[in-house]
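Should a chain be cited, it is by its letter among A, B, C and D, assigned in written order, with residues numbered from 1 in that chain.
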Amino acid sequence: MSEFFAMGGYGLYVWGSYGVTALVIVAEIVWVVQRRKVLLKRLARMSRLTKG
Amino acid sequence: MAFAGINWFKYSSPATFYPLAGKMMPWFAGLAAVLTVIGLYMSFFVAPTDYKQGEAYRIMFIHVPAAWMSMFIYVVMAVYAAMGLIFNTRLSAMMASSLAPTGALFTFLALWTGALWGKPMWGTWWVWDARLTTELILLFLYIGFMSLEAAIDDPRRATRASGLLAIVGVVNVPIIYFSVEWWNTLHQGASISLDKAPSMATIMLASMLVMTLAFWMYTIAMVLYRVRCEILERERHSEWVVALMEERK
Amino acid sequence: MLEAVDLAAVRGDRRLFAGLGFSLLEGELLHVHGVNGSGKTTLLRMLCGLVVPEEGRILWEGKDIRSEREAYLRNLVYLGHLGALKGDLTGVENLRITETLAGEAVTEDQAMAALQDVGLHGHEDLPVRVLSQGQRRRVALARLALSQAGLWILDEPFTALDKASVAALRARLENHLKQGGMVILTTHQEIDIDTALVKQVALG
Amino acid sequence: MKRDLILAVRRMSDVLTTLFFFIIVVSLFPLGIGPEVEILRMIAPGVVWVAAILASMLALGRLFEGDYRDGTLEQMLLAPQPLSVLVLGKVLAHWAVSGLPLVLMAPLLGLQFGMTAEGLGVLLVSLVLGTPAISLIGAVGAALTLGVRGGGVLVSLLVLPLYIPVLIFGAGAVEASVTGLGAEAHLSLLGAILALALCFAPWATAAALRISLD
């Protein structure tokens, strides 16, 4: 398996780019989900406010 | 993605589009995940090692799709922005602003993977290749779009102003590409630009297409998710959002 | 004849007003009431075509003002809170420029006469920035004497005016209405023009 | 347009600040890079062009801001004439005040960089074609960011990417003529960009103004 990671000596570059790609995509997903959670909390609070 | 704009038209009111987006989003996300796995498998195990570049060329399998997506998303953004301005439909404008972050992300990825691929091939992190430079300028356009939208408080004006910027931008992208191409050949002569990569074995092309499709599905899923946030934010005063909030509690 | 059909406006994400409709005939004055921030200025700007209505349409002689843009604007004078005057230019120059912009070029002495008419003797050729707030208001209002436009849309025209100018302006409005002109204005003071011709719209 | 020219004459100081900014920026480079004429001659076109772009962008802020604040811009939108024609007039008046002085000053500065007479000639022509295009494209950015906080910096972020073709062909023309390749191709492309800007920019600026005053 190790030669797979070595990538014929270019391991750093190949995994560098794939790794960052995966990282960035996961980051974007987390960021959006986070944004939605905050938004829902705020809206829920506001609707209680207006009703209360 | 662009054809999606047409038949969404009858769902153009945010209230009806919101639940629809909610149902479709998981499908696209699932599809994206499946395609990514297939794409990765193909690009790592199926595609042969390249005789000249060894394994380094495998970066191409994300670099090229990312570059295509960054251009494609910008065009789709401009189309939605134009629709938002002409038909004054709020939903298309929201689609445009939801597309921007993902588009900027792909542009960044294209640049990052381009640099990482350039290092083994030409020994330098950055090469003033026509396409890479255009990609960099495209990143500035994305950043300009998002910062303009963030700077204006009134949401209605923000979407319309950034929409107009997207349209002006999309008209300029080919001009910029042409002028950079001209400038590049003038100074350096034709350096090995990225798309003259080793003659594409069909396998390589196939895996690249699969990866592109995966990115495409991912984009749609991400945008649908973000547009739902955008809708909630923009329509928070309308009754249907308040009603929705009641159910959730 | 100006007609508004269930107009709606949103500012930020607050809905200012909705379903607002009225029609204004020759010789009538529309007085727009409403507390500050209730969208009076937005409504006025919408009627000028500056603001795109969220819903509803505005018709001039039966046709939408956005399709008949030039014909409608040729017949419209809008005076907003800002005086639309260039500080470095003199009163006369300002008047002549706004009139040429509105498509009705005026001569030097016509402008002078208009300025004297609003009681600005001797101030005609001073750069506007040296004039007081009240005087600047009167330079802006002097435009009404020159303009042949039928529809006047005035935002708080009476502010910063002294007694005499208020009376002069009221007389000018009545005169304009008698000649079949139309006026839409907002003001907090009471306007005692014969109420037969006055219509009210309340916002907020 | 006549009004803007009168205004500019009354406000001479604004005109001069743009010009002095241009001169100072250009003269900074030799101080930064050293006096060897050889190097200076090589970088001269790029330096002059970048300085011209930055100087005219500084002046962009004043293009609509003054009229926006005192209400005259509103009246322009309410004029029966087509707005894009008025905008074109306004931008050309602005160019005459901020672009033209740069064009006239550039050859003098070129001498500082030891440029040949022929190079200076092409520089002049490229600036004459380029600076109006810059003002026209910049006007779209200025209109979009009217009354927005931090507008000044934002304009440059929006508009700089769009200036790149003008910069490439402008500076390239001078370089091509100096190295004997002949600058006709560059200048004709520059002219094409100017023509394109003349047709579309006023319309886009007018649309942007309507959005900003909405």
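The rule we apply is simple: a contact is a pair of C-beta atoms (placed from the backbone, for glycine too) under 8 Å apart; a residue touches a chain by one contact, two chains touch by 3 or more.
From a predicted model like this one, the values you see are computed outputs, not experimental measurements.
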Checklist line | A-B or B-C, whichever has more C-beta pairs in contact | finding: A-B
Margin query: Based only on mean CA positions, could you tell me how far chain A sits from chain B in angstrom?
Written below: 16
Next item on the list: Report, in whole Å, the distance between the mean C-alpha point of chain B and the mean C-alpha point of chain C.
Entry: 48
Notebook entry, point to check: At what distance in angstrom does the C-alpha mean of chain D lie from that of chain C?
Noted result: 37
Note to self: Rounded to a whole Å, what is the gap between the Cα centroids of chain A and chain C?
What the structure shows: 54
Notebook entry, point to check: Going by the touch rule set out above, which residues of chain D reach two or more other chains?
Noted result: 214
Next item on the list: Send over the residues of chain B in touch with two or more other chains.
Entry: 156, 236
Check: Touching pairs of chains, which are they?
Finding: A-B, B-C, B-D, C-D
Item checked: Touch list for chain B against partner chain D, complex -> 85, 137, 140-141, 143-144, 147-148, 151-152, 156-157, 160-161, 164-165, 167-169, 171-172, 175-176, 178-180, 182-183, 186
Next item on the list: State the interface residues of chain D toward chain C in the complex, per the touch definition above.
Entry: 3, 6-7, 10-11, 69-72, 74-82, 86, 210, 213-214
Item checked: Touch list for chain A against partner chain B, complex -> 4, 7-11, 13-14, 16-18, 20-21, 24-25, 28-29, 32-33, 35-36, 39-40, 43-44, 46-48, 50
Margin query: Show me the residue ranges of chain B that touch chain A in the complex, using the header's touch definition.
Written below: 44, 49, 54-56, 58-59, 62-63, 66, 101-102, 105, 108-109, 112-113, 116-117, 119-120, 218, 222, 225-226, 228-229, 232-233, 236, 241-242, 245-246, 248-249
Checklist line | Contacting residues of chain D [partner chain B, same complex] | finding: 140, 144-145, 148-151, 154, 157-158, 160-162, 164-165, 168-169, 172, 176, 189, 193, 196, 200, 204, 207-208, 211-212, 214
